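As written, the chain order gives the labels A, B and C, with residue 1 at the start of each chain.
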């Protein structure tokens, strides 16, 4: 969950972004810390959870919830919701962001960035409540819409910022060598924007995994069901299992996304 | 639309109260998170590895889904304001801590050296020189944190915390009734308005409190 | 100057700009106003002028990154005003100040960009990339697979030139290619580039705001006033000797006779022979060589004849110091450097002479301060001739003022303390690398 809003993150004129990057992953130590420690931690937590549930005497309600079948069901629901939401976000926001930075629409870029910034203030719980109420329908679809709207603006914003920060001189050199405008977009601008777009997508994935939990409020299932059922029926073990699993899932996805981000970043940057 | 306006005026006192509660929860969390972050930052910023560890730990907490974190508060702190406040404080840490460390680290070493040369001790340097110079960056971190926390605070309602999230869940419970949409819409708009208001306040505060001479 | 300078007329115009104008939307005045210019084949033409003179806009109109509002552009006799711009640009190399290497591509891929677009096969591209890296003096084995961020500023600049030359275009457009580089590296890159141009003979349009660079690099200079009005278009020597009007005179600025030193390259003057010995030689044989010669010192060179140390009789007395460390370090000058560079080097190193080397760094002679002084003297005389020839001109050339100041220097040539008798007699007439073919 790095900066959703890189340009607003730090005061202007302060070379803070590179410093922050340095602290958070560029140095060897930080990289080791991040990429080696996390799997160990997550494995540890999972084992603890297993032992905790194992050592707990389950009543009939708990036994119906805390078993492999139910868990796999909920996990799949969760991953499906977060996964589809992320795919939809990438499919919508990246092309839209690209379009909004083309010369014809370039004047709209700052407006779009502002709208995206404001839009990010919309609370996820609000969106999760909004779509079912408007659509008079609960379940997967309104949950999907809520997640997409919640995270698309961030990816849109990062796409625009990413394309915007590409060095003019590099574009000029490409055009000067006779590359077509599309050629420059696909071979130069987008590859050079990849790190920032990827950071946006990573944030979106992690947010989606987190917000998918709220799907339980609108009958979209997900691991959130453990939390809400555990809470409603006052079964602490179920609640703790749900909360811990969600946390492990989110951190695990963030870890994988972090590695993907490193691998997919063009070399030479 | 006119229905919605009617709803707003009819429920004005209630909405205002919820908004104020929401703002209060956020402010408490941010104030606490700022104090904690600055303390941690002051302890770690000079040692790069320790700083990296602190940031990684706070970053991991930040990544825990909000509903999960709020839920985990229940077995420890029960329901109500206290667990909501603690969970939000935990979320608010990362942007502030990161910016504080970055801000402190980017203070020009020549400035620090000359302060040292004038006989300022470590504490005095920190209070008189480094923190004021890092302040614009710190306040930006607070701003990012606040805008984000305003949104997450809605979920506090799930553990019977205060704020506008209550109306969202309430609206959800009344799916089908016209008032459901009004409740959800009004609470969303108020959360967004609150976020924007905070944003503006921070902008002004940043301008007012930034030492003259730093741009 | 005389024989060596390119004369007007007989060389073919490879690029012809005809009544070019550009007005940007929302502006009242033309940014470029009715510009006509012939760029002869195989020459370096410099567009120079103050900021706002539209020189970069002009350059960008030649490859149609900016479309002209009116007028025509011809390339190799063909009207290219409205052909496909992307295809046109593949026929012209383009080098800009920031170079603009693609940071996410290796040096090899960067250079291969245009050949790839032109559909060359992989093997041909590979060979070409290697050839080009060699050409700009970078080892392909070392650099082909590196990324731009791993190179120094000077190396990036060389790769930029190599990339522009990739598909062997007849034309090279260069927009302040050396401006962003530190002065010492800049001088070296300029010299290397002139050396390169003797091999590749491209038609080059070169934009700069620096008149000294223009004089050094140009076969011809177009001095541009506001809206790209051509204030004067001529060889550097003529412009210095006879500025066409007050604007040109102002632009050239003071010290015109000193600037003229930029017109003559070290290779064009007579270099002095100097006794040399291998740095590995015996002390006694060095002493013997010194005795045999009429010079006060001997130049020690390594196996590749690269200059190492200057040693004199005194240095040879200190038996305890190894030869390779005695005497003074020997700074060197490229043959393509100008007399201005040479004078600069001598003043900086506080030595009255400097060793000159060829492309491989091997010693080929010595230039001393007296040679430079003689060159100044010679140029002054020639300038005076030009001045008389232009007698009817209403304005007095700037040189007159510079001359008065210069008189003392020249008469007091002995102030330079050079011992060698004047090499001035041998000073060639060839100017600024003008093609005499």
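Assume contacts are C-beta pairs under 8 Å (C-beta built on N, C-alpha and C of every residue); 3 or more make two chains touch, one makes a residue touch a chain.
For clarity, every value in this text was computed on a predicted model and none was experimentally measured.
A.B. asks: Would you kindly count the fewest steps from subunit B to subunit C, each step being a jump to a chain that touches the current one?
C.D. replies: 2
A.B. asks: Check A-C against A-B and say which one is joined by more contacting C-beta pairs.
C.D. replies: Result: the pair with more contacts is A-B.
A.B. asks: Which chain wins if you rank chains by how close their C-alpha centre is to the centre of all protein C-alpha atoms?
C.D. replies: Closest to the centre of all protein C-alpha atoms: chain A.
A.B. asks: Taking each chain's centre as the mean of its Cα atoms, which chain lies farthest from subunit B?
C.D. replies: Between subunit B and the rest, the longest centre separation is with C.
A.B. asks: For subunit B versus subunit C, what separation do you get between their C-alpha means, in angstrom?
C.D. replies: The mean C-alpha positions of subunit B and subunit C differ by 60 Å.
A.B. asks: Report, in whole Å, the distance between the mean C-alpha point of subunit A and the mean C-alpha point of subunit C.
C.D. replies: Chain centres of subunit A and subunit C, defined by C-alpha means, are spaced 55 Å apart.
A.B. asks: Report, in whole Å, the distance between the mean C-alpha point of subunit A and the mean C-alpha point of subunit B.
C.D. replies: 20
A.B. asks: Over in the complex, which subunit C residues touch subunit A? Could you list them?
C.D. replies: 63, 65, 86-91, 94, 96-106, 113-114, 117, 147-149, 160, 163-164, 173
A.B. asks: Any idea which subunit A residues touch subunit B in the complex?
C.D. replies: 1, 5, 8-11, 13-16, 19-20, 23-24, 27, 29-30, 33-34, 37-38, 41, 118, 120-130, 132-134, 136, 138, 206, 209-211, 213-214, 217-218, 224, 227, 230-231, 236, 239-240, 242-244, 246-247, 250-251, 254
A.B. asks: In the complex, go through subunit B and note every residue touching subunit A.
C.D. replies: 48-49, 51-53, 55-56, 59-60, 62-69, 71-72, 74-75, 94-95, 98-99, 101-103, 105-106, 136-137, 140-141, 143-144, 147, 150-155, 157-158, 165, 168-169, 171-172, 175-176, 180-181, 184-185, 187-188, 191-192, 195-196, 215
A.B. asks: With touch defined as at the start, can you tell me which subunit A residues reach subunit C in the complex?
C.D. replies: 167, 169-180, 183, 187-188, 191-192, 266-269
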